[in-house]
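There's a structure below that I have some questions on.
In order of appearance the chains are A, B and C, and numbering begins at 1 in each one.
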Amino acid sequence: MTTFSADFSTRASQPPIQLEPPRLEIAQPILEVRDLNKSYGSVRALEEVSLELYPREVLGVVGESGSGKSTLLRVLNLEEQPEGGEYHLGIPPYEGRNLLQLERFERRALRVKHIGIVYQNPHLGLRMNNTSSGNVAERLVIAGERRFHALRAAARGSLEVSEFPISRMDDPPRKLSGGMQQRVQLAKAIALKPALLLLDEPTTGLDVSVQALVLDTLRRLQRDLGIAMLVVSHDLGVIRTLSDRVVVMRHGRVVESGLTDQVLEDPQHPYTQQLVHAKL
Amino acid sequence: MSRLSELTHDWQDHSYAFLDEASKRELRRKILKAIAIPGYQVPYASREVPMARGWGTGGLQVTLTLVAPHDTVKVIDQGADDSVNAANIRRFIARVAGAATTTDTLRCTLLQSRHRIPEERLLEGQILILQVPEPEPLRGVETSSAASAVLHADADYGLMWLSLYEQIVRHRRVILGASYPVMVGGRYIMAPSPIPRWDVPMLHQAAHLTILSAGREKRLYAVPPYTDVRPLEFDDVPFRIEDQGGEVCYRTGAGHKFLNELPQDDGSSRFELSDSGYGEKLLRRQAGETVEIGATYYDERGGFYHDDLLR
Amino acid sequence: MILEVQGLTKRFALHELGRTVDAFADLEFTLSAGEFLLVAGGNGVGKSTLLRTLYRTYRASSGAAFYNSHRGRIDLTRAADVDIVLLRREELGFVTQFLRPRPRVSALELVAEPLLFAGVRQEEALRRSSESLELFGLKRELWEAYPSTFSGGEQQKVNLARALIQPRRLLLLDEPTASLDATARAALRERLAALKAEGMAMIGVLHHPEDATGLLDREIRLEAPSGSDARLLEALEADYVA
């Protein structure tokens, strides 16, 4: 028997059962943000956004363009200052401090040492005319490495782990394919074994087959290095492949969050249902 | 009652030492700021002097600001006191300031130089004024001066190191010759003006004050006495001075000093001291005169006078 | 007791259609260590939905499913997402008939992956992976090949070898034997028997319950509740991507 009832749909749009706070997971979140707000003129890019990321976890952030997901990523990378809220990373000596209040110098030191990022647009993340190995080495040099051979070895190691062909390590990114450029970005991002890796549409714009290979590298890296990752994408396939949990953003708000398979298979919010079915 | 004429100067067709008092005051303030923040580039107005921009107007303005009648001024160009440019600047300073001039490094109080530091060690109280064509050490790696300013502010010198890294990757060594970048006081990267690498260590923990001034670019900066000035180098690819190839000066027999190569008609080369004032004193001593010659930065066997810099 | 299910109800709300679909209502059952519970019932009664609700791929509408984890007792319908992630990593298993092969990942690596995620060393993981592939009878020459090129039967062997490589405390089986040959079915039965003997509890939806002869302890039979729509529910379940 089928039922058409306004009564049903209002009841159903609330989550069926409220979830409890974590009880089995004893680790503290590696990343925690509370009540982030950010406007551009009259546009609310972030509205009361809160989320946490646990050690070794991959959190997906999905939403259409304009949903605020890229702003969120820039705030997490300390590139953008929100109007209010808190941002904590569980890394000594930053524990307990609201990172949104860091001095410019501290912010830079934190970013270099503890946060890696891969941008959709490699021009944002790479020096296109320098060598690929140099792009990776620069991070280490900023962190204080002053031995040439150590830099060379670390750059090579990081590129290898990112499954970049070593014979091309001294080619500039401008001469590389899109997939290879993403691998250089990745090598640079993980060079210092960051606590947090941010991925901004890491495979958008790549060939489907190249995309699968890059995603595979990301999975391996996550597995072997245990880095907590936050991946922003409008591509549900990417999210499904990479993330354990997912938050869905719309108009700057988190409208739903849950296990990746649950959000994709049994979305609760009307917007998420629309989004998920759009892909089918 | 005194008369008005007793209270004022007689009319002069120019101010003392050519620059007007307001300009000199600005420069003194900027110089003080530069000394207070070693290696930091301080913008200044850069006045007109009777010389074309690019011919040492930056150095000249600093010299004219600092000079007093009791000073003794030495001016060199590539180590030589007798080049046309050095001679003209020296004569000009003497004429407008009434200061004495010399070619003897030990005797000068102000030393204006283009592209060299003398072989004899400068002492406390002496001031070295270097003419600078390009004050921005990051110019080669960052074309925007606004962006460079931010990099300096953040002490974000990854790009500079990246450029050294890539020179070694491509050429197996750092190929920078003159104007080798140095780190001043552990804070700012500085262009030491186009002195040879031979001269760069002389700035480290020096007894004298160095002021570097770029007239065309309108920026000056300074290294106060006893300040750390270290060339950028990797621990395992150390900074190297120019190898003088065991050559000696053909006129004085001096070795382990910075030499100029003089190509001969038969295709061979002769070498002579780049520092002409030092060479002149060596020759006079060899002719039997009693001449006071100062200790040099590099000794007779090429050893540098500081232990902790050159490896 | 491993699991206590009380009044478990699942109703899908389809906002775009402005309607709901009921899958099952007020389910009650318990499960002990080493027990195998068969979920029986006709098409479209929500058998797969039950398994997915327990695994938290679907959110329950009401009721509770208390699970006694090594780390403590927890209601699977209310547990925080990160707790479920933890349980899935350590205790809960789900076997379907679908394999998701990935380009440039060999059968051996794909099967070893759950162990690698659990922190098992590379050599050890690969050794156990080959044992598992051996057990399910995947031809040796295929071990280093990429499963994306395999036949349905071969893929299914890789899938089972992967899904059953680690002992689980509670295993959910959703028609794992579809498209399997007789040898592989026998192997599956053997592997499940071994795991059951070690105390693993299982809940299964089986096309051919005879595949599990001798292993089944009890069965619950699902019936379509009023307000259900077998066709729509089947369509919803079929949307599932493993």
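Side notes on the structure shown:
As a convention for this text, a residue touches a chain if its C-beta (ideal position, glycine included) is under 8 Å from a C-beta of that chain, and two chains touch if they have at least 3 such contacts.
Every value quoted in this text rests on a predicted model; they were computed, and no experiment measured them.
Chains that touch both chain A and chain C are absent from this assembly.
Of all chains, the one whose mean C-alpha position sits at the greatest distance from that of chain C is B. By the count of C-beta pairs in contact, the leading chain pair is A-C.
Geometrically, the chain at the heart of the complex, using CA-atom means, is A.
Averaging C-alpha coordinates per chain places the centre of chain A 30 Å away from that of chain C.
Measuring from the averaged C-alpha position of chain A to that of chain B gives a distance of 51 Å.
One finds 78 Å separating the Cα centroids of chain B and chain C.
Contact with two or more other chains is made by no residue of chain A. By the touch rule above, chain B contacts chain A in their complex via residues 154, 156-159, 161-162, 165-166, 168-170, 234-237.
Those residues of chain C that touch chain A in the complex are listed here as 11-16, 18-21, 52, 56-62, 69, 71-72, 74-75, 77-87, 102-105, 113, 116-117, 226-229, 232, 239-241.
Contacts from chain A toward chain B in the complex involve residues 104-105, 108, 127, 130-131, 133-135, 137-139, 141-142, 146-152, 170. The touching residues of chain A, when paired with chain C in their complex, are 1-6, 8-9, 11-13, 15-25, 54, 57, 209, 212-213, 216, 223-224, 240, 244-245, 257-259, 261-262, 264-266, 268, 270, 273-274, 277, 280.
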